[in-house]
Amino acid sequence: MRRAIAICALWALAAFAGLATKSDYLVSVATATAFLALWGQSWNLLSGLTGNISLGHSVFVAVAAYVTLLLFQDAGLSPLLGGVAGIAAAVLLAAVIGAATLRLKGPYFTLATLSAAAVVLSLILHYSELTGGPSGIAIPFAEDSPAKLEFTNVRAYFLIAVTLLAAVTLFLAFFRKSRLGFYIAAIKSSEEAAAAAGIHVARIKVLTFCVSAALTGLGGVVYVFFIGFADPNFLSGLTLSVEIALIAVVGGTGYLVGPIVGAVFYETIDAGANAFLGAAGGWDVMILGFSVVALVMTEPRGLCALAQGVAARLARRPPPPAGESVR
Amino acid sequence: MRKIFLSSLTLAVGGALAAIFAGYTARAADQVDIAVIAPLSGPNASVGEMIVNASKLAAEDVNTAGGIKSLGGAKLNLIIADATNDPQGAITTTERVLTQSKVAGAFGLALSPLTTAALPAFVKHHVPVITSAISDALVTPSNGGYLFQIAPKGSAFGNQQVEFLKFLNEKYKMGITKAAILYVNNPYGIATEKGIEQLAQKAGLDIVLNSAYPESITDASPLVSKVQQSGAQVLFPVSYISDAGLLLTALRSANSHVLVIGGGAGFIWPAIGQSLGDKVNGLTSVASWNLDSKNIKSDPKLAAVAARYSKTYNTFMPEQAGEAYAGISVLAAAIEAAGSADPAKVRLALQTLDVKSGGGALMQPGEVSFDANGANTHVMPVMIQWQNNVPHTVFPEAVATSAVTKP
Amino acid sequence: MTILAQAILNGLLIGGVYALVAMGLNLMFGVMKLVNFAHGEFLMAGMYVAVALAGLGLPAGTFGIYWVALPTTFLMAAFGLAFYLLLLDRAAHFGESPQILLTIGLSIGAQGLAQVVRGSDFQLVPNPVNGAALHLGALSLQLGPAIAFVVALAVTIAMARVLRRTRFGKSARAVAESVETAEMLGIDARRVYVASTAIAIGLVGLAGALLIPYHYTFPNVGQNFVVVAFLAIVIAGLGNVVGAVFGGLLMGVMQSLTASYLDLDLSTAAIYVLFLAVLLLRPQGLFSRGRRTL
Amino acid sequence: MTALLELDGIAKSFGAIRSLIDVSLALEQHGIVGLIGPNGAGKSTLINVLTGVYLPNSGSVRFAGRDLAGLTTAERARLGLVRTFQRPTAIADLTCVEGVMVGALCRGLSLSAARAEALSKLALLGLAGSAALSPRTLPTGHLKLLDFARVLTLNPRLVLLDELMAGLSQNELAVVLDAIERLAAQGTTFLVVEHLMDVIKRLSHRLVVLDAGRVVAEGAPAEVIADPRVVEAYLGGEESGHAHA
């Protein structure tokens, strides 16, 4: 309960800050950060809880976004409805991929998800009559219209993004103490013991994957209208998949706010380096990459653990128990 | 270690915030800001570098020539920013530049995905942008009249390649009828391919192979065997530098005698000449700009530009650089004409402008003006042929300065 | 018929480079259970080192440029040593996701570093190998890839012997099976880690040196090779070093065949599909029996 | 009435090693059956075959009159055939009671009902005190009991105890033995694998001796233990048995 209140407070704070900020630039960076955090949360649901590291999560962003967008374009269906179809499509894909790959362990699963995403990407590129191919789909801006998720003011997207983020975070907070949450915790500690306790391990994992995909897709639906342009190589590309996983682990997979912290850290450095050193060419990328390295070498369990450790030091308490928070 | 990290972290965060809040920089009255937003990191960084290099030259030249006279000799000041390699990056960078500094106009973006993504930001801030991206889809009413395309349309490239083939056929009685098209599967490749296809039919060419290939291939031999199987006599490859290199190498190894008429990009970059040595000579390609076309040779000022570029950056002045130099000059001319640094006025000036002299005349055929959709009305792609390791303009006659040697 | 033969040959040749990259990846995975997402950037680094050396001058003769191969290999091996001592030594105990995070961060940073240090332009030292070919009847082999392929095979045989015969090989295999048991047998796992990393990075450096005669060098070049190498090692069986070579060759051939017979722009999709198929039907890999490693 | 569990000619081998050669066995409803045998006799393999972790090479397992072939571990558990582990792993992310609830949840109970069920089972095993704690803080002995409590919340009909008692303190042992006997009285059947002979003697109503993959003797504990073949077979493993316990 305290968690829930804290989350709502944070949400209100963020929303207020967004509306108060004068610079559209800041707000759009914040919006991008919120979406990334949202995807990180969804990723964390699967990988943080079951330890299956997916490097193909962007595929759910792409599928949900494309389905919604095509329904909007070709059938004039409002993204509010089309989004449901889009998310359904993402879930369906997750069920297929999950059923096939979730029995795989460690790197096998990771590379399987990576490949599945790559296959979907090349299909999107190949069937260009339907998807617009590599040129992607630009969303022509007509006029402000909530039903079409079209807003001139970035703050509208920002509000939607942080609200979705808060909602998903709340959901996860309760999810952990739900039936499914308990099952997942049991599976994480030992699949053998979980099965012995009557848990249908395979089924639960696929289900979790689907929920994760649904939340990722939810973000994708709004996101594509935020950037107003569906670029397959970006939406379904490895870069986005990697970023999603990256920020979740950077924040600390064991923590509810991990992905949020991670996203803020990552985007701040990214935007900062780009603003300061972008003109220099290469420096921004280098700094971004190496600051991640520096972080891992300092605290492999991520920023939250790092903060805890520091706090513990200041309070002269022993730091949190060693050992990795994700297995 | 932890200490170091924390301090560096605070530094980064603080820095970023500083960068953000120090946003609205007060501009000296005698200075006009122009944004140059190009991919300066990631796989297309080299394109961005060419653009930045040339833009700097252009600004220098404008300023040494007394700046913007209608603004009391105000100096051009370039605000250079990294559009990164993905739409999200292009959008945030554009937002940042346009929010933080009151620019009179912008140049760059270079790739159509980046341009498409960033365009709404320009419309929102009422800032005109000149792009060097070539996709036809960009210059339509949907761009709200804020996008100006200085380079020829993608389809025009394809058309020119086919025209050139017709020309060669007549000149050398080559009797080429079977054509193969291989294009990189991205907007640039597709746009160009469309152009070739359109005209090929009219020109009575029989297209025996027309296939896209994925970006960033590691081996071109499958492409070559496809071409050989197809029995094509001419190959129209639309490739970036890395694929272009692999393709030409693979063709040579397979000692294939197919005539190659390159689709620009990779086939005209300094790197391809530098890597193939004198084996590059004879290679022909389309280009959206070339350094020695008639309009340039006939004007010592412009000829000097190309010369200065190669002296400063010790490679000849490539396509992307030429467009950037012309683009910045055109912006300067528009500001001059508008007599104001207000982007809205600059935009109107751009729409009505007709540049016949100065840096803008660097674009073939020596004149630049934009139609209602922002397309460059006069511009035409040129055909180049590598002769003693530099691309020479050999077609169309209107701008050609060297005779084509039988490829 | 010649088309098929040519396609298979092309595939094998490009597969040779994949193989060298994959071998190192799999050695590190087998011994340290570490998936090195920065491996592609080590290839890139190797290429830049080789280009820099070649810039010092080329001896006369067709194969002059290959003088850089050995120096590059050793320089990169030293680089690998540093990589281990500076990062992996601690990261070895981090567990899977921090290690992935570490190597991905390294990969991003290295691409930036390369651009900062060497610029973003595409480099290829003019040399007689580029564009030269061997002709067997109707078939023609690009010389550069052919040499890379031959060297890859030689290295494979050498590695196989090293792993079977030498003390390092025996300890490496023991460690790969189980660190605990190995250490009970008095094997210093850390030394095995150091050696494996050095060898792995050395190999990828060699791959780089073999690429530069005919492939451009640029900051992102590693990405084009490493993903295929990843698929290759999983298809071969994670940790199975010699198998990785066959994985690499298979990938090359698949790519080439689909490109020649299906559709060029589906050739990437095809190898991913093959990969998924193998993964689902034979998770332990094509060339591994059960848990056998190295 | 038919037996609760019927094993018919079960054989299981791993490569060359024939772990179970021919095991046929019938367990009646009610009661506590001890299963003993030297190390490597095949006790653990047998448990894994019963719970569906291993598929037998031949032979059939019938539970409550139903052939278990093709059923997963989870499905068998939900039918009431459960097991405990020699070295259980704590569910690090949950409190003890939450970890125990899981079984009840699989039975379809609501969260609150499951919690109540879990608390009662914890109380039964004398762990009521640690309900709200994180299992990470508990000694391994308690982890075993948590593991036991978890499967008990499934209302099992047959519980396979894989060396549950080894490593428990005297009082814990007393509590557990008492609990087992009470549950048995209420109709739960137990198959107890143990090395601790005194425990087995006290607990079992029937004793089965497994050696080298075969049942070498079964019957009333006293007789079986007196049986020279058993003494011979078992003494062979006695030391290792002690070494283990």
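Each chain gets a letter, A, B, C and D, in the order it is written, and its residues are counted from 1.
Basically, contacts are C-beta pairs under 8 Å (C-beta built on N, C-alpha and C of every residue); 3 or more make two chains touch, one makes a residue touch a chain.
Remember, it's a predicted structure, so these values are computed and weren't measured experimentally.
Q: In terms of C-beta pairs in contact, which of A-B and A-D ranks higher?
A: Most C-beta pairs in contact, of the two: A-B.
Q: Approximately how many whole Å separate the CA-defined centres of subunit C and subunit D?
A: Centre-to-centre distance between subunit C and subunit D: 50 Å.
Q: Subunit B to subunit D: how many Å between their CA centres?
A: Each chain reduced to its C-alpha mean, subunit B and subunit D end up 75 Å apart.
Q: Please report how many Å separate the Cα centroid of subunit A from that of subunit B, as a whole number.
A: Distance between chain centres, rounded to whole Å: 35 Å.
Q: Can you check how far apart subunit A and subunit D are, centre to centre, with Cα atoms defining each centre and the answer in Å?
A: So the centroids are 43 Å from each other.
Q: Residues of subunit B that contact two or more other chains, please.
A: Residues 41-42, 45, 48-49, 185, 214.
Q: For subunit C, jot down the residues that touch at least 2 other chains.
A: Each of 112, 115, 120, 219, 263, 265, 268 in subunit C touches at least two other chains.
Q: Report the complete set of touching chain pairs.
A: Pairs satisfying the touch definition: A-B, A-C, A-D, B-C.
Q: For a test of understanding, state which residues of subunit A touch subunit B in their complex under the given definition.
A: Residues 23-26, 28-29, 32, 122, 125, 128, 133-136, 138, 140-141, 152, 154, 227-229, 231, 233-234, 237, 239, 265, 268-269, 271-276, 278-282, 284-285, 287, 291, 294-295, 297-299, 306, 309-310 of subunit A touch subunit B in their complex.
Q: Please output the residues of subunit C touching subunit B within their complex, sorted ascending.
A: 3, 6-7, 10, 13-14, 17, 112, 115, 119-126, 130-133, 140-145, 214-216, 218-221, 223-225, 228, 252, 255-256, 259-260, 263-265, 267-268
Q: Which stretch or stretches of subunit B touch subunit C in the complex?
A: Those residues of subunit B that touch subunit C are 41-43, 45-46, 48-49, 182, 185, 211-214, 216-219, 221-223, 225-226, 229, 241-242, 245-246, 248-250, 252-255, 269-271, 274-277, 279.
Q: For the complex, give me every residue of subunit B touching subunit A.
A: Spelled out, the residues of subunit B in touch with subunit A are 1-2, 4-6, 8-9, 12-13, 15-17, 19-20, 23, 40-42, 45, 48-49, 52, 80-82, 84, 86-89, 91-93, 95-96, 98-100, 112-113, 116-117, 120, 123-124, 135, 137, 142, 185-187, 189-190, 214-215.
Q: Of all residues in subunit C, which touch subunit A in the complex?
A: Listed in rising order, the residues are 29, 35, 87, 90-91, 94-98, 100-102, 104-116, 120, 219, 227, 230-231, 234, 238, 263, 265-266, 268-269, 272-273, 275-276, 279-280, 283.
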